[in-house]
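Lettered A, B, C and D in written order, each chain numbered from 1.
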Amino acid sequence: MWSTVPAFSSRRSRSARRSCIFSLPALAVTLPVGLPWLGTHLRLDALSAFFLVVVDLGALSASLFALGYGEHEEAPERVLPFYPAFLAAMTLVVLADDAFTFLVSWEFMSLTSWALVMSHHRLLDNLRAGFVYLVMASFGTLTLLLGFGLLAGPDGLYTFAQMRAAHPGATLAALALVLALIGAGSKAGLVPLHAWLPLAHPAAPSHVSALMSGVMTKVAVYGFVRIVFDLAGAPAWWWSIVVLGFAGMTTVMGVLYALMQHDLKRLLAYHTVENIGIIFIGLGLALAFKAHGMMFAAALAFCAALLHVFNHSLFKSLLFFGAGAVLTATGERDMEHLGGLIHRMPQTAFVFLVGCAAISALPPLNGFVSEWLTFQAILLSPQLPSWGLKLMVPAVGALLALSAALAAACFVKAYGVTFLGRPRSPAALGATETDRFSLAAMILLALLCLFVGILPGLFIDALAPVSAAVIGERMPAQIGGQWFSIVPIAASRSSYDGLLVFLFMLASGGLAAFAIHRLASDRLRRAPAWDCGYPDASPATQYTAMSFAQPIRRVFGSVVFRAREHAEMPPPGDTSPARLTVALSDPIWDWLYAPLAVGIGFAADRLNRLQFLTIRQFLAFVFSALVALLLVLAIWS
Amino acid sequence: MSFDALTGVLVVPAAAAALLAALPDYRATARLNVVATTLTLICALSLFFGRPQPGSYLLVDDLNGTFIVLTTFVGFTTSIFSASYIGHELEIGRLTPPFVRFYHAMYQVLMFAMNLALVANNIGLMWVAIELATLTTVLMVGIYRTHEALEAAWKYFILGSVGIALALFGTILVYMAARPVVGEGLDAMVWTVLVKRAGGFDPALLDVAFVFLLLGYGTKVGLAPLHAWLPDAHAEGPTPISAVLSGLLLNVALYALLRFKMLLAANPAALAPGPLMVTLGLVSLVFAAFMLYRRRDIKRLFAYSSIEHMGIITFAFGMGGPLANFAGLLHMTMHSLTKSAIFFAIGHIAQVKNTQRIADMGGLTQTHPVLGWGLALGVVAIAGLPPLGIFMSEFLVVSSTFARAPLLAIILVFGLLVGLAGLFLRLNSIAFGEPRGSNAETHASYAPMFAHLALVLAAGIYMPPALVAWFQNVAGLLG
Amino acid sequence: MSRIDFDIAHLLAGLLVLISFLELYQDRLYALLNVFALHALTLAASVAWQAFIQDAPHLYVTAAIALLFKAIVIPVSLHRIIVRLGIHREIEKVVGVGPAMLAGMGLVALSMVVMLRVTPGADPLAREDLAFALSVVLLGLLMMVTRRNAVGQVVGFMSLENGLVLAATGAKGMPLVVEISVAFSILIAFIVIGIFLFRIRERFDTVDVQALDRFRGERG
Amino acid sequence: MVVIRDFAIQGAQMLLVLLLAPLFTGFVRKVKARLVRRQGPSLIQPYRDLLRLTRKEVVLAEGASWLFRVIPYLVFAATWVAAALVPTFRTGLLFSWSADLIAIIALLGSGRFFLALAGLDVGTSFGGIGSSREVMIASLAEPAMMMIVFTLALIAGSTQLSTVAEFMASPAVGVRVSLGLALVGLVMVAIAENGRIPIDNPATHLELTMVHEAMVLEYSGRHLALIELSASLKLILYVSLLACLFAPWGIEAAGAAVPTLAIGIAAYIGKLAVGGFLLAVFETSIAKMRVFRVPEFLGVALMLGLLATLLRFVSGSF
């Protein structure tokens, strides 16, 4: 049954020259299960191979983490059965080569993850989260179903090969793009379809949260790439406008939402939204370049997006593991009750710091590389002919820069409030270092983050076959240039060498340390904090997450979230504490989801009256139906 | 041998009914009930191996073969479930022995009526059989003799009778249309003849006839706006009957509709029945989907979901074409199995919590894992989530429709989504969350429920080629 | 068949429609029952005539059933029910006579339009009969919809069913007509008994179906 | 041979900025003092301060973690590397290709990231004030900076600082609207990033108005010395950035021979002097603004940058 079919034709022989896992010929297999007369088509080509690596790397680390984390699980019987099914489903989505298999695995993925979200079902929030999640997921699936129905045509040509061969017309392809953007976007968490994500991801057990945030959203990205880049045929120039618009909004909204959070896991979930935005910016650019035949640039943008997919899966899993370790150690998700954990869980604190630095795009870690590549792609876009893009792309670039800066701010807050400072609750005071399995998983990921950061060339070259397959062009080979610098286009234009920067920093920092300790004093004395002469203030006087975000809230939040601060001052002489209440409103929920729910409730109420009619009135229905049909007959002839 | 099988399908239930009416002892009757249904199932299965020549009254072909097997099978499993269920009802004294006796007799009569309706090769005979089935179910719905039960039975009775009357008028019209071509007498009511000669019938008469048949049998199918009897009948009757109603009787009525649809399809000049069915289907789907939100009674909830799915099936058959018809058949089969499984679960849940009010039950997966997860699995299946069978049929319906009539597909998807949300909203409060309500003891029989769900799961993953070929053949017949 | 036969059959069928209108017009139950008895009588006559001209003896059975059961037994029993329930005085229509009449006209027109599209083929008798039968059916249904209490609805249902029998007998050589009319008689018997049941079990102080509707699982 | 020479030059550049940084800070202070008719501290006062600080023992707050002690070195390293990559007297240095302008900004960003963490580490209220305000300012300054980078990169067709500088030196540049906008924007960003008046006051002792100073409040001894040094490194970095971008005269091209370097260095020092003088004049002639007017200030910078970029995107001629 196994047979090898040739991978997409790559116009460059160089992709064949340097062989890597992604440049193997595609494997295809058809199993006689699933939709009869169609069977289950599975295919492993460069694209799916890459995402398979992402999925399984995430699965590996999550399972490793779970070895230790599972000890603290109170309802393992609600987690263990679904966890492997979840992994299997994600793998199948990536391997599927026909619409039915794809959608079955896609929806099964949602279903199993829903079960995992519901594993702590006694909390009302989790119930709500599970509900919203499943409904949104099914919405996405049904949208994709429509899209595939479109591509498959009336006589049901469901295999991807047939769809590719069908060459859909312009309007058809455009419709497919919109449906794919909605369907895959709702799963990936594109604003405004992200509503379920910050509810569902935190509700699940932490290793599952890591999988959902780090891996499942990437599977959604895969779905989008597969449909739009592979099946839907040649893109039109305005596609990228749509994609970039949503992507830009997603990026900034995601990080702004995150800044307003003080629940650690929810904050991370919102950052997933932000990073999905960054990935989609890359994809949007790739579409734009591809539509205008600038294949090099397209390859660059596409590689940037894929590299960010990989990076985000690394550090987001790492961060969720860290949050999980904190959760098991303190039983707290609310940062306002944490603090000072760096003293009690030093190793966790260290790897979590690596994750924070990586996601904040700080060199020499991996997050920076992919964002740097995205910026390079943006800088290529003035050569685009269409005016819409000329105006769109720089704006998107500004949004990207803004979100990068805000993300750094947000993780200063997350790390500073959670791990630094003084403990804000007995739980935080009594925390202990997490178990070795969890640590192993986190250290593994942290090392990978650093490794990708300092040797990005290896990974870019590994991605070349993928972009060669999907875009039809690849980035120039990186390894073999001077040292390990990466050169997207030309050395004179731009280059970056993570390794050198890393060594450079090590050297200068070490040099300074050495010089000072050797030549000057290395004496040290512990004393109470100076704090401008306010001695031994209580931990309550520290900055909290909310207060840390206050300046940014005043700058952005007042516009986006209609943030209102209300201070109640006790009258002079009254010793009761003053309180500051902050009112935030979620614009997207208020303007999109709430009206929808209200509408459905209204309709349900109205129709529900039909349950309470008399038999005579029901007869009247029958009667009027009969008369109506007879009238139709009378008129129809 | 084969003809015996056909008669067996009819005679066994009839004889069993007579016997059960005579026997006083509950256990014996319950067992006998199971035995009878088993025998019927065997006869039905043996129909595969030898098939009688269509007589002027009875007929077995691929189309009703599907239905017969399905009916007898669900009848069989339901009888197993009903044994344990009715036992519990006796214990808590909701039913007295005479009523149980009556119940079992009626159960077999119902089986007989449905089988007769399915194998009838004569539109008049079919009509009589369906009327008989209706009357039987009316009596069983009212069996608890509570306000609600009687009132539900009464409502069902009145609406059902009107439906019957309309269907009869339609039947007469078909005869009138056939007579000039076929000639007077019995032949003008025989399917096989009618379908052969339909080309020459008077189209105008056929149109009017179909309108009446659609509304008449549509009432039995439970299509909105003719559905009114259905929720109450499901909610107030004994749960096995709810299972049979949802799982079988609706199908039988739908089968009648399909027959007449084929008749119209065979006549080029007559109006295309598709649009009418599509419209009614969509209306039922969307309407029922919205009705799910305000349900307080668990059995009414799933009764409405039955309306929803009948809508989908009617829609699929209305769309026509090999894919949609295949999907319709598949969906019908899957829905029968799943919905009856759900009612099996609900029957025991209602006994455990001794109420049907959703507000008084919660956290079932915590307190009664088997029932809770069984129900959850059933809901997952009925909501059309993979890898269970209904997803496959919904996939086929939606994808094949969108390419042909995008707007319809969008309405369909909207209805599906609203329905799914409604179901899971309720499932959340029934199966998850903090446990609520009483925990009475019950000796439940889980086998039927899980047998059904296993079949649904298997169908979703792998369908045997023979079955596929058969369905495809039937789909071809339906045109 | 000869012209005169056709005219008589036609006349009887038309008479049936006319009487349906009369039923629609009544607002007292007694009067309604009497008019219905007349309806059944006319039906019996019509069926008998059909039996004669089609010389189909089995139709005489149907005629007899119509005569005995519908024209005598049922009206009498319903009469007694009304007395028992003491609801003979109440005006129990939903819509007034005027609108009901107009609607009825409309229905008749509709059924004519629908039926006359049928190719004036084999024999006009069937076609005309069908037109009338359809109007009777629709009028009966209209009555069920516009009557508030069960007795009125039963009467409506029975006249609807009369329309069916008219059609069935009009359909020349149709088998099972007798069985069908028997079956329907049983059905009606069930309904009447049902009303009795509700009365005798003293659950409902009236057979007004709105009262039945008050017991509804979902409310509150 | 060549490699050794390049190493030497790269090293010289690193040492040069490192040595000039405190002097430049002292110079600015001196000029400011003179402008207000004060004698002012001597030019080498900053060196004295640094030495004294390094000799003192570190008084470490009780709540401080290991991170708190590592951060000064991290910040110093990041800043120094960044400074070493900005062409001062010569382009095309050995390591110049290891990080382009975007990376340099990111390096400074990581420095700030860790400094902000340090502000939160001890768990005092003033540290919190400092960090939260610092990141708020950064969250606006960084995008503005990025926009300016875009403009320059689009004009020069590169983000490689050496390439940009050489292009700027070449007559091909001409006078452009977008360049002007970028210059103004860059100056505003530089002021904000270095916490100069009117954004922040490096010499303040009024806690509630402090941003940068509040953040490093708990530092002492050698740690403080490193932080002070990195601050002045950052300042000189920005000045030399402005210099090599907008006044690229006298910068030696990559191939230049050793002796001619003297000219380059002289020119560089000259530019520093001018820059420092202008900065001092600006600072004395303006008052510090409220913290919540900073967003408006930086918003203007961001808008300028975006405008410049858009102009570039829309047509090459601006």
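Quick notes on this structure:
We take it that contacts are C-beta pairs under 8 Å (C-beta built on N, C-alpha and C of every residue); 3 or more make two chains touch, one makes a residue touch a chain.
Given the structure is predicted, the values throughout are model-derived calculations rather than measurements.
Located most centrally within the structure is A, per distance between chain CA means and the overall CA mean.
Taking each chain's centre as the mean of its CA atoms, D is the chain most distant from chain B. Remark: among chain pairs A-D and B-C, A-D carries the greater number of C-beta contacts.
We define each chain's centre as the mean of its Cα atoms; on that basis chain A and chain D are separated by 34 Å.
Annotation: 31 Å between the Cα-based centres of chain B and chain C.
Mean C-alpha positions place chain B and chain D at a centre distance of 78 Å. Once the centre of each chain is set as its mean CA position, chain A and chain B turn out to be 45 Å apart. Residues of chain A in contact with two or more other chains: 611, 613, 615, 619, 622, 626, 630, 633, 637.
The residues of chain D never reach two or more other chains; the list is empty. Counting partner chains per residue, chain C shows two or more touched chains at residues 114, 117, 141, 144, 153, 209, 212-213, 216, 218. By the definition given earlier, chain contacts exist for A-B, A-C, A-D, B-C.
Of all residues in chain B, those touching chain A in their complex are 154-155, 158-159, 162-163, 166, 204, 207-208, 211-212, 214-215, 219, 225-226, 228-229, 231, 271, 276, 287, 290-291, 293-294, 321, 323, 363, 365-366, 380, 383, 385-387, 391-392, 395-396, 398-404, 406, 409-410, 413, 416-418, 420-422, 424-425, 428, 432-434, 461-463, 465, 468, 472.
Put simply, chain D touches chain A in their complex at residues 14, 51, 54-63, 65-67, 73-74, 76-78, 80-81, 84, 95, 97-100, 102-103, 106-107, 109-110, 112-113, 116-117, 119-129, 131-133, 135-136, 138-143, 146-147, 150, 153-154, 157-160, 163, 207, 217-218, 221-222, 225-226, 291-292, 295, 302, 305-306, 309-310, 312-314, 316. Those residues of chain A whose C-beta lies close enough to touch chain B in the complex are 32-37, 99-100, 103-105, 107-108, 111, 118, 121-122, 124, 127, 130-131, 134-135, 138-139, 142-143, 145-146, 148-150, 152-156, 158, 600-601, 603-605, 607-608, 610-611, 613, 615, 618-619, 621-622, 625-626, 629-630, 633, 636-637. Of all residues in chain A, only 339-340, 342-343, 346, 349, 353, 357, 360-363, 368, 372, 375-376, 378-379, 381-382, 390-391, 393-395, 397-398, 401-402, 404-406, 408-409, 411-413, 415-417, 420-422, 482-483, 485, 491-497, 500-501, 504-506, 508-509, 512-513, 516, 519-532, 534, 537, 539, 541-543, 547-552, 554-555 touch chain D in the complex they form. Within the complex formed with chain C, the chain B residues making contact are 124-125, 127-128, 131, 135, 147-148, 150-151, 154-155, 157-158, 161-162, 164-165, 168-169, 172-173, 175-176, 179-180, 184-186, 188-189, 202, 204-205, 208, 232, 235-236, 294-297, 300, 356.
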